[in-house]
Amino acid sequence: MSEYIIKNGHVFDPVQGIKGDKADIAIKDGKIVDKVGSGAKVIDARGKTVMAGAVEIHAHIAGPKVNMGRIYRPEDKLFTCTPTKGMERMGGGNSIPTTFKTGYEYAKMGYTTAMEAAMPPLFSRHVHEEIRDTPIIDEAAFPVFGNNWFVMEYLKNKEVENTAAYIAWLIRVTKGYAVKVVNPGGTEAWAWGLNCLSVNDPVPYFDITPAEIVKGLIEANEFLGLPHSLHIHPNNLGNPGCYETTLDTLKLAEGFKAKNKFGREQVMHLTHSQFHSYGGTNWGDFESKAKEVTDYVNKNKNITIDTGNVTLDETTTMTADGPFEHHLTGLNNLKWANIDVELETGSGVVPYIYSPSISVCAIQWAIGLEIALMMKDPMRCYITTDHPNAGPFTRYPRVIKWLMSTKAREAQINAFKHKDKVLSQTSIGSLDREISLYELAQMTRAGPAKSLGLTSMCGGLKPGMDADVAVYNFNPDQPVANPDDIEKAFSRCSHVFKSGVQVVTNGEIVSNGHKRTLWVNAKVKENPQVMRDINEKFLKYYSMTQANYEALGHHFVPNPYTIEVDAT
Amino acid sequence: MATINVNLISGRSIQQGVAIEGGKEKPAYRTAAGIIELDPSDLKKLGTWKNTNVRVTSDHGSVIVKAIETTQGPHPGLGFIPMGPWANSIINPNTYSTGMPTFKGVPVRVEVAINEPVLLGIELVQKQCGVK
Amino acid sequence: METVTITMKNPPALYLEADNVSPDVFAGKTAAQIAELHVHEGNVTSTLGKYFEISGNAGATASDTKIIVKGDMKRVKYLGFKMSAGEIAVESSTDQYAGAWMKGGKMLVKGNVDAFAGTAMKGGELTIEGNAGNYLGAAYRGDWRGMSGGKILVKGNAGSDLGMYMTGGEMIINGNVDVHVCTHAEGGKVIIKGNAKTKIGGQMVGGDIFVFGTIDVMMPGFKPAGEQELEVDGVKAKFSHYIGDTGERHKKRKGQVIYGNLYKKI
Amino acid sequence: MTKTIPDVICPFCGTLCDDLEVVVSDDGKQLLEVYNACVIGTEKFLHSQSKDRVTRPRMHQPDGTWKEVSYDEAAEYTAQMLAKAKKPLMYGWSSTNCEAQSVGNEIAEITRACCDNTAAVCHGTTLIAVQDIGLPSCTLGEIKNRADRIIFWGCNPAHAHPRHMSRYSIFPRGFFTSKGQMSRKMIVVDPRVTDTAKMADVHLQIEQGKDYELLNALRVAFKGEWLPDVVAGIPKEKIREAADMMKSGRFGIIFFGMGVTQSLGKNHNIDEAIAVTKDLNEYTKFSIMPMRGHYNVTGSGEVFAWQFGFPYSVDLTRGFARYNPGDTSSIDLLIRGEVDAMFTIGSDPGAHFPISAVKQFAHIPSVCIDPHLTPTSGVSKLHVPVAFNGVETGGNCYRMDNVPIDCRKVVEPPEGMLTDEQFLIKVRDRVRQLKGAA
């Protein structure tokens, strides 16, 4: 591994508290070190911004519903594919890029780690095959638990230890990373065409409420001490007035303290909070409740959130929340795909056009930005677009532009057809806060890494951490003449290093790096009862034998990075 | 000799499945897929015993197969040849620009051809393609 | 109007993708520059000059550029691809994607065209004196926004899947049509002077179809709604009117449920 | 002594049964018996032991004889053929594992070829319909545990997917369907009285080629609108009765097969069937699922989709993927004569393509990679036998409901035979040298 030294760059590193002053970053053997020999290759970063490799905490980039989106949207790739060029394989797809393009686009924007937001355990081999074909970036996947028959039966009888044993088994078998909950109880109700719209609606037959599921899973998660907290997509997403269900869900986390050896402080991560901060009773009086949600989260320190910004594009919504997608296809009458998974979860895919001339989409755009601007502690609020639900991740530079420049926001507001409605239904007009580069580093590097329990590895430039470094052509000293320069600077890095290997030079891919699949191996005490339940359910109710369910050979995860957790 | 017009469909049969896995160069493949299943009423109209060789002709080609009494009928006016080189010698290749040829719903004429042999699978395709 | 004439010099072994042959690309170029334009045969990229004899310079803008295409064009695809103005006259038959994604201008094909002619057309005029292939004026696969404007005239017959997902524009077919006319259509007008086969107007939500000849089998989703005296394309006659597709989920315009209309000349 | 390998996957049809038991000799060289498989699966496993198997590549001589060549010479011929061709067609991919498909995709991208899988003659039109209207579907376990209305439309699982009804759709006792067959109503729509139709509660013997009309009539019946007296040979009372039976279920499923994908109307038949399912979701819970034929045609569609963006009929001649069945699909490419080299793997176009398409690729340079002797290998210039995928080599494959299952190697291939993945890697490395790619 060759040595590098990045000289005279403006470094922004919340882990060491460096706020933009000139410093040198030394890289040796894939790690950041204090100093390197004179033979090190020099990267001149004068007048450039240097940050750690960004961490994507929530994106749908690999798995069965993502691939169903690719299969059923050929028009998403019409006339927009990029040809094979040197090291780069062919790439296609605006809202749902192919796996090679996903890896390249993330690397070119300085992202080095990404989390696949929802993995149905039955399809874990499919997710890992797509992760294996996504070059450069490290990846991990969150198996979904909120509608799992085992979890619902154990939590109905308050057996937290059995739930923890089952979670440990499933995460090991599917090589997952964290406990993901999507519309708890609602997707199981959707298997009969029903739904759970509040935290107290009981699930048909299982007779357990979403509140009990969420609380039980928080306890089980802290019992195991997993690196990441519960990652929740609450009930009633996307309906006017859904902020009340969101607040009820957040209140479930009161009284719990994070118990883990990874430096994580939260017990619950509310994902794509924009979709969960809607007020009003119908699409006519639809309004923003970002203030109520962010006030609550600001007060309660054991919660982190990510924004889910709408980027005003034609995109494809896909989520494990089956009933919401059926509701959405009822609204825009576009093609609807749905995959219900036995004993575990479901999912739905519907294209959606966030048109600037529709008032609802403009208000959604404003809500996403309000949340980011109203959160006091950037270490607990991360930038995402819930790719591709609110917009493709390739639009991050545009979201960064809107957050860093009020001028850019006003230009967009003036371009709306229903400008007055946007200003009356939200408070985006009165917010003049501009995110600084340091806060940006917190919201896209140090924050997500801390929430995911990866502080020892990524999200910072402290010696000893992995050498994931991104250098942007953006001079913090010069005032920004035109906000579009921000977007231009953050869409293509001048240099990107992944685990000490230079992968991007001047916005072009120069190496495929050596990507890893992160997964958590939680050791728990022998639990014969859970093993017996698992054998019995596979014999009677699964359509696949247990041996084939557990068969995750080496060729699926060629370069695993195991995080050990001991909960015995 | 009498000739009849039927609507031809092709598709899988379990014997055809076993034969393709058993080796397409073997006579079992011809026994399983080199046949046309006709309704007894159609056989009567054709004026022949069952299990005799017939020539089936469509606008796209013709082939010799053995006519047998249908195992999954009655379906008067409908002929069934299991999927394979025999069926594909006469089905309509027009895809209507969807990429899928019209394997089912091909009007054909069936006439008796007692003395003509039903060729083996690979032999039939090689002969039609002019490859030895 | 400047005229550029391209004549087939040596026909391709396989098929030629000549998507640069359109007034928009030719505009402002001399004959020499036009000869340098790219053309694709399979995975080999070469220049127009290798296959065509090119004479005459193009006009300054697309609207005053006229292209005359001579020679055997049966193995040439994408003529008039995405043109927005100007004219193209093809002396003989051509292959797929004639005038595909057309936004304006006039295109005349004296012979036949193959499938996907006038795909997702937004405007302009496409006149085909011979027969048209399948998917005439249809949307691209998976797209719910089909032909939205412009006019297509086919003097011969047309293939199947005419005007799929049509939302606007007009089509006149003097000859017969195959199965599936205006499937999933939401608007636009199709006049068929010849006969239609089966599966006509399936899943229609709006738009009008006029059939002068016979329809083999009517779709069950089309309810008879009396007879009307209409004047269509200069022909005054009595039409029996069907509304449908009653099985489809219909949109409301000002509270009134709108249906597709199928008129069959009596 | 012998040892029994449990939980083996059957590499034949889309049902992908994974509860087989295979008895092999101790040294793993000989396969003796197969349990729990249907008659087709058993034949596939046992045929791998037949003595008259071809074990070395061979070139077809003009006089009809075959000259044996080494795998390296075969890889050289294949690489030269693909590198020189202006528009090579790489067809098949459905009876090989996903790892071999990934290597094949790399070759296709370097040589700028067209690639397609057997969906072109199987469920291609289903994929077109899914692209127009989506696919409300579920996994087979959901059907086993919940379904009480089973509709087989234009498919004959008794013949094509023999164990489907006993493993998933009709007979199993699921969580909510503990009375098994008794708790389910079965409807079959087929122009013939097939063996599946003989078991059905209701058999609609439809006129062949009129599926689109009958499906449209069902949708009209759901809304209670006017119907003509007879539609597709079925009186309107029977249509309304079938419509009410579907609406009255708690969880319904429509399985459809070649009857709707290959007859007139093609993709619109499935488009309307999915629209029927979507309408039924207003009244109760309904799903729809294609009965995929080959055991890994779904896998080939998935690998094409995540690497190129399209499920089949992918044209890479411009260096990036283009897709439009009718223009880029195998049958049209062959019949129009757009292809100048043919590469077949894991399928048998010689037997299952219309003869006018087979005639086209019989006279151009062609390679057939297949362990069996088939009409394709009969007309190809080079026949490369490889190990049986799913018997002599493992690898990932996808069931008809897109669930991935890792199939397993149970017995050693004959001495010196390569697997398809090993052979493709040889071809890819040689093609890289020829095209000078990095």
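Letters A, B, C and D mark the chains as written, and numbering starts fresh at 1 in each.
In this section, a contact is a pair of C-beta atoms (placed from the backbone, for glycine too) under 8 Å apart; a residue touches a chain by one contact, two chains touch by 3 or more.
Here the structure is a predicted model, which means the values were calculated and not measured.
S.K.: Comparing the two chain pairs, does B-D have more C-beta contacts than B-C, or is it the other way round?
M.R.: B-D is joined by more C-beta pairs in contact.
S.K.: Can you name the chain whose C-alpha mean lies closest to the mean of all the C-alpha atoms?
M.R.: D
S.K.: What's the distance between the Cα centroids of chain B and chain C, rounded to whole Å?
M.R.: So the centre of chain B lies 39 Å away from the centre of chain C.
S.K.: Any idea how many Å lie between the Cα centroids of chain B and chain D?
M.R.: Between these chains, centre-to-centre, one finds 22 Å.
S.K.: Would you kindly tell me how far, in whole Å, the mean C-alpha position of chain B lies from that of chain A?
M.R.: 56
S.K.: Whole-Å distance, chain C centre to chain D centre, using C-alpha means?
M.R.: Chain centroid spacing, chain C to chain D, equals 34 Å.
S.K.: Which positions in chain A touch two or more other chains at once?
M.R.: In chain A, 72-74, 335 touch at least two other chains.
S.K.: Give the residues of chain C touching no fewer than two other chains, as numbers and ranges.
M.R.: 115-116, 134-135, 140-142, 144, 179, 249 - these are the residues of chain C that touch more than one other chain.
S.K.: Two or more other chains touching the same residue: where does that happen in chain B?
M.R.: Residues 96-97.
S.K.: Give the pairs of chains that touch; include all such pairs.
M.R.: A-C, A-D, B-C, B-D, C-D
S.K.: Looking at the complex, which residues from chain C come into contact with chain B?
M.R.: Where chain C meets chain B, its residues are 115-116, 133-135, 159-161, 178-179.
S.K.: Where on chain D is chain B touching in the complex?
M.R.: Contact set of chain D toward chain B: 12-13, 38-40, 43-44, 47, 50, 60, 62-64, 120-121, 124-125, 128, 156, 158-160, 162, 191-195, 197, 205, 208-209, 258-259, 261-264, 266-267, 293, 313, 325-327, 329-332, 335, 348, 350-359, 362-363, 372-375, 378-379.
S.K.: Which stretch or stretches of chain C touch chain D in the complex?
M.R.: 13-15, 40-44, 96-97, 115-116, 134-135, 140-142, 144, 179-180, 183-184, 198-199, 202-203, 217-221, 223, 245-249
S.K.: Which residues of chain B touch chain C in their complex?
M.R.: Contacts found on chain B: 96-97.
S.K.: Spell out the residues on chain A that touch chain D in their complex, using ranges where they run on.
M.R.: Chain A residues touching chain D: 62, 64, 66-68, 70-74, 76-77, 81-84, 86-87, 89-93, 98-100, 122-123, 125-126, 129-130, 133, 191-193, 205, 326, 329, 335-343, 346, 349-350, 540-545, 547-548, 551-553, 555-556.
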